[in-house]
Amino acid sequence: MLGLNRQDTALLIIVAVLTLLAPFILNPFPEGSGLATLNAGYPDLMQRFVIYGIFAIGFNILFGLTGYLSFGHAAFLGVGSYAAVWMFKLIGMQVIPAVLFSMAISAILALGIGYVSLRRSGIYFSILTLAFAQMCYNLAYSVLGNPNSRFNLTNGETGLQLTLDDPRILGVQRTPDGGIPVPNFFGIEMRDSYDLHLGDWVFTFSGGYYFAAAVMLIAFYIAIRIFRSPFGLMLRGVKSNQTRLYYTGINARPYTLAAFVISGTYAGLAGGLLACMDPLAGAERMQWTASGEVVLMTILGGAGTLIGPVLGAGFIKYFENIFSKINDNVLHGWFAFLPDGLEDFMVTLVHPFVGKGWHLTLGILFMLVVIFLPGGLVEGGQRILGLFRRRKAPPPGPDPEHHPKPTPHVAE
Amino acid sequence: MGILEVKNVSKSFGGLKALRDVNLSVAEHSVHAIIGPNGAGKSTLLNVLVGKLVPDTGSVMFDGQSLLGRKPYEINQMGISRVFQTPEIFGDLTVIENVMIPCFAKRDGVFRMHAFETVENEAEIVAQAEAALADVGMLERRDMHAAALSRGDKRRLELAMCLVQEPRLLLLDEPTAGMARADTNRTIELLRQIHAKRDITMVIIEHDMHVVFSLAQRITVLAQGAPLVEDTPENIKGHPKVREAYLGEAA
Amino acid sequence: MSNSKFTRRGVLRTGAATGAGLALPTIFTSSAAAFTNEPKGPNVVFGFNVPQTGPYAEEGLDELRAQQLAVEHINGEGDGGALNTFSSKALQGNGLLGKKVTYVTGDTQTKSDAARASAKSMIEKDGAIMINGGSSSGVAVAVQALCQEAGVIFMAGLTHANDTTGKDKRRHGFRHFFNAYMSGAALAPVLAKAYGTDRRAYHLTADYNWGWTQEASIKAATEALGWETVATVRTPLTATDFSSYLAPVLNSGADVLVLNHYGGNMVNSLTQAVQFGMRDKIVNGKQFEIVVPLYSELMAEGAGSAVQGVYGSMNWNWQLSDEGTKAFVKSFGEKYGRPPSNSAQTCYAQVILYADAVARAGSFHPCAVIEALEGFEFDGLGNGPTLYRADDHQCFKDVLVVKGKENPKNQYDILEIVEKTPVEQVWYEPDHPMFAGGELGPCNPGE
Amino acid sequence: MDAIILQTLNGLDKGSAYALIALGLTIIFGTLGVVNFAHGALFMLGAFCAVVFNRLLSLSYITIDPTQTDFLGNPLKVETPYVIGWFGPEAGQAIIDWSVPLSILLVIPVMGLLGLAMERGLIRYFYRRPHADQILVTFGLAIVLQEIVKYFFGANPIPTPAPPAMAGGADVGMLLGFPENAIVYPVWRLFYTFFAAVVIAAVFGFLQFTTFGMVVRAGMADRETVQLLGIDINRRFAVMFAIAAIVAGLAGAMYAPINSPNYHMGMDFLVLSFVVVVVGGMGSLPGAVAAGFLLGILEAYASLDAVKQILPSIDQIIIYIVAIVILLTRPRGLMGRKGVMEE
């Protein structure tokens, strides 16, 4: 289907079903129950899952395929956001031009940064991209963000936001009740949502989420096509052996540059979508920590795999948004069934790992995953699946035809 | 006029003169071996031919066109393929993918964005690659990871990757280095078959005299960066100058 | 089917809301509420959005303590704290409009992006009816705009930049904390008195929004009293080593160094300035002095002995002797074993003020609450008589000028109050050039 | 002129910190081939060693003084450090005052053991793993280390003053014939530069003149050959990791008076130190030191007001501009070796 083989079609369908049903899947606990804190099915977080998923998918096209580790991808995310907010300010609140403009601007920036940085490889490349991104961040924070200067492109620390007196030449300056209009997709406002009550459960369907999810599915589909294409094969060749590629009549530079621009465009798309969901662009989006975050997402999920980066993105965003909100109150609620002394003990025990300690849990998880699952979360999934299969189908004789792939080699 | 003409090529690294005034003419469809003791400049010459090094003086012409200043991938696109001393293959890719990359390179040139086709659907390319694998007897390993191959298989894979491009000139850098006798003989047989079947011009750089004398039609002996003799294998065998050069090495 | 601008969850905790969608099974229900997160169950949810990680984590923690204390007092637990001294008696210590106040917490990370994500989650997921807290102006402005769009009330925590109630003001945002203009207006006369009117000042300014407004405010106020400004130098916000900016100061002819830095920046620049020996120098025949216009006692702790004798301003200090302060400090100190910081006091007051406005309005409807807060005059929360000005939602009250204590008696005894600048002296008109531009916009019930 | 001299001094002491951190990072890169994102955390732990040492020396017994009261009006608890009890107020106070330089006594064993434990317990399993895995695991470790520190010491910076004798400014200019106050520079920072020079010299001396160091240098140049000679290079590399940890720890401990330690100070330095290492060139120790000082001095010059007037905010991006220019003109940084981390 859609030019994909059976396996990839199955993957795409599974991902599509999961994203469509995300409001159900992410809200497994009934409202009002103690565990409802762990629910992630509210619009903002669901939007973040898919948007950072796009960011990570794009990053993986560069890093997973070519092995070039960029430490400056946040610059494209940030520029994408600024571009989208400027479109909202100047043109109107329709999201399509905003998103397209984000992609165009970040593609241009990626072309420039990529052209220069790709002259070097390995860690030299990483540091070049880092340097460019940090420059963008610092400029956005200070020189380009001074409200008193004529070149206030970013509004500095506060972040670029909409105001009532923006021109919005093709849209309305203010809504009938005098407020700032909301980004919309042909009338569907990104903030629209609809609640479904099923017994004690509540499921929220958000317009913004489904818009972002649709974009993510398209982005994911394109990524699959790229992975399976001759172009993707060349990129994997770059990662595997550039010398051989060179002596096989292929110039690796335009391939890597194309991959860099594509992945920068993905980042810009993600940044633009972030701005569509919430029309404010802050400079922190471009800081090295944000670049590092997408690196971590990709490696955590499984670099070079199709679905890994999306899993990694979801994982990190879940911790950031859910674990950070578990305070002692919530913990007492969880352990209320225990006798008092034991309850307090459990709360004290769990306390350092949640709420303000969510960083600690995340750090420990990074270490555990990389130590025990060298292929990232995807490998974890494969192992579980493997266990399951083995149990289901006890040795019916080896079948090399169907398991031709050797386990990850350790050749070096 | 040979297909490859090297004229007065010199190359120094600092004070060391690696090549001095090398002249070489390789006739089309021939197998030409370059031999010489260690440090004679064989590898430097090869690197000049493939565009990795730029000579200080002289010219290198391939089929009437200069190779100087061209990048390795441009030189490859002109029809020159190279086999390395230690096989350079795509370890992370499967065997068939390894062979498909040169197929694409031949069809699409140095760069082409085929981001929306699917590799599996390129029937023609797949067929070419499978044929090339069959030629070197590796078709049954087509879905293995290349890194998991044995050393000999890696060499044969690399050879298949070069042959699938149907080069006009194949450069072989010690194609049997580190091989056991039996393997060496198989490789010799394979190269002989290929030459017979496809009539490719080959330049072999080799240490192993057994290989050289089994395959080459002409031999150039390099010593201290300069060509010593160029002749047929029969004449080279008993040549006093060659003995002298090799004796020095043996001692 | 009905669309709602913002999801409300507070409603759902009761499980009571039922209604039929058009052609859909009855399990599809839509709930008609008058405004965002209208509380329909036995509880009402407040959202406390404070930095829990990053450099301001400690300050966030202190804000959280104060917020929890305020919730206890509203629900009638504990000793009632400053409710006993508060001039408005609408709050009875029995919850809010018959509902028990509960709260959720979030981590701003002192980044506007993360702060908005966290606030959105509290609004969308937890049904928070108001957001309170924060430790930076960038975050305050960002979250304030979000609350305006969402239709909930934002009670700002520590935010000192003029813009929060200046060009970035919003109908749904309220600031109890003082601002940079007020710091300048309060500080300048005291400085002139202590150091004379013939002084030459050298400004080091954190290169971002708050730094710029602070620098402009202090510069204007001191120059009006005869000081000369030798130089204003911008320092990167992310800097930790200020030596290259401090090195030229002594040689510049300046005899006062003004550090427009906050938090970690302030700790480092002040400590390092003292290491340059500036406090021991005589320049232009006068003792060289350092001024830190905005103090935070938590950060002053970090600077250790370097703060001794250094002037600055504060919104409030636990050493004040009025009844409201005493009641709050006692309540806070007994619960947590330490005196509250001025950001804690602001957050406490903001929670109480919001709850009181709800009680006086008799409704959680944001428009009613805004109306109750606008122009509200009160006393007894620790800052003396205070006005919540309707034009820009800025509180007007006395401002404290403080000085680092020379011989501290214990670890909390860091600052001493030099003067309580009366509110008249820090008053400005809403159209003052430093605050001009922007408008409050309409009240937005959200649904 | 005086401004230039001031900024040069300033660049030297900034550069000292950069060079010390980069030196350790390069040792780990060069010997173990590991990208250590936890190196900033080691710097931070060093600074907290100084804090802990100060706290240990200030351990106090409590007496109640009924004549004074605390902020709630209860009788004041007076704390007296044991050392003052033992050595009398003057000697005891002097010991506490000098706690930062004395903390070397704590830093060397603690950081050394920690380095060994890290290498043996975690890092060595990652020698053959891709750099991406190394980044993830060391970054995770860095987060865990700094969260542990935050758990025990809080998020606020902790004042850790230099000894009073070294706390003020020295009028360097007077020695050079400038007028008073022309060139005043903090004594502690001058000391820091001196200290860094000693540590750098010690590390180079160790590598240059001991057999151990020679083997390690040979191993850095060609690991396989050295292993073929039957030398257990891995064990030596573990010791080098410990040395790198000690260097980072010393850099951090002595930095404590300049920058009151807080739990995230390591992260603030991490990115910068990577830039320094790469500008110096992968695998080159002299390169790392040279790049540290070069970037420190350039950063100091860029913050001159005269420069900022022409190029606003240049001080914030100068390091990155320099890094880009150097990497584009010299493919492997100042003194990088071919083939190290180029894949």
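Letters A, B, C and D mark the chains as written, and numbering starts fresh at 1 in each.
Criterion: a residue touches a chain if its C-beta (ideal position, glycine included) is under 8 Å from a C-beta of that chain, and two chains touch if they have at least 3 such contacts.
Computed from a prediction, not measured in an experiment: that's the story for all the values here.
Novice: Just to be sure I understand the contacts, which chains border both chain D and chain A?
Specialist: For chain A paired with chain D, the chains in contact with each are C, in label order.
Novice: Just grab the chain with the largest centre-to-centre distance to chain B, centres being mean Cα coordinates.
Specialist: Greatest centre separation from chain B goes to chain C.
Novice: Select, from A-C and A-B, the pair of chains that is joined by more C-beta pairs in contact.
Specialist: Result of the comparison of A-C and A-B: A-C.
Novice: Just give me the whole-number Å value for how far the CA centre of chain A lies from that of chain C.
Specialist: Measuring from centre to centre gives 33 Å for this pair.
Novice: Please compute the C-alpha centroid of chain A, do the same for chain B, then give the distance between them in whole Å.
Specialist: Centres of chain A and chain B (C-alpha means) sit 46 Å apart.
Novice: What is the distance in Å between the mean C-alpha positions of chain B and chain D?
Specialist: 52
Novice: So what's the Cα centroid distance for chain C and chain D, whole Å?
Specialist: Distance between chain centres: 36 Å.
Novice: Would you please write down the residue numbers of chain A that are in contact with two or more other chains?
Specialist: In chain A, residues 138, 142, 359 touch at least two other chains, as defined above.
Novice: What parts of chain C, by residue number, touch at least two of the other chains?
Specialist: Answer for chain C, listing residues that touch two or more other chains: 53, 57, 61, 207, 234, 236, 238.
Novice: Could you list which residues of chain D touch at least two other chains?
Specialist: 312-313, 316 - these are the residues of chain D that touch more than one other chain.
Novice: Which chains touch which?
Specialist: Chain-chain contacts present: A-B, A-C, A-D, C-D.
Novice: Which residues of chain A touch chain D once you look at their complex with the stated criterion?
Specialist: 63, 67, 69, 116, 119-124, 127-128, 130-132, 134-135, 138-139, 142-143, 288-289, 292, 295-296, 299-300, 303, 352, 357, 359-360, 362-367, 369-371, 374, 410, 412
Novice: Taking the complex as given, what residues does chain D use to touch chain C?
Specialist: On the chain D side, the touching residues are 2-3, 6-7, 9-11, 13-14, 17, 68, 70-72, 76, 150, 154-159, 161-162, 167-170, 181-186, 188-189, 257-260, 262, 264-265, 268, 299-300, 303-305, 308, 312-313, 315-316.
Novice: Residues of chain C touching chain A in their complex?
Specialist: Result: residues 1-9, 12-13, 15, 17-18, 27-31, 52-53, 57, 60-61, 102-107, 111-114, 116-118, 120-122, 124-125, 136-138, 141-142, 145-146, 148-149, 163, 167-168, 207-210, 212, 234, 236-238, 438-439, 441-442, 444 of chain C touch chain A.
Novice: Inside the complex, what are the residues of chain D that reach chain A?
Specialist: 35, 122, 125, 128-129, 131-133, 135-137, 139-144, 146-148, 151, 267, 271, 274-275, 278-279, 282, 312-313, 316-317, 319-321, 323-324, 327-328, 331-333, 341-343
Novice: What part of chain C is in contact with chain D in the complex they form?
Specialist: Per the touch definition, chain C meets chain D at residues 53-58, 61, 207, 231, 233-234, 236, 238, 240-241, 243-245, 247-248, 250-251, 264, 267-268, 271-272, 274-278, 280-281, 283, 298-299, 301-306, 318-319, 329-330, 333-334, 339, 409-410, 412-413.
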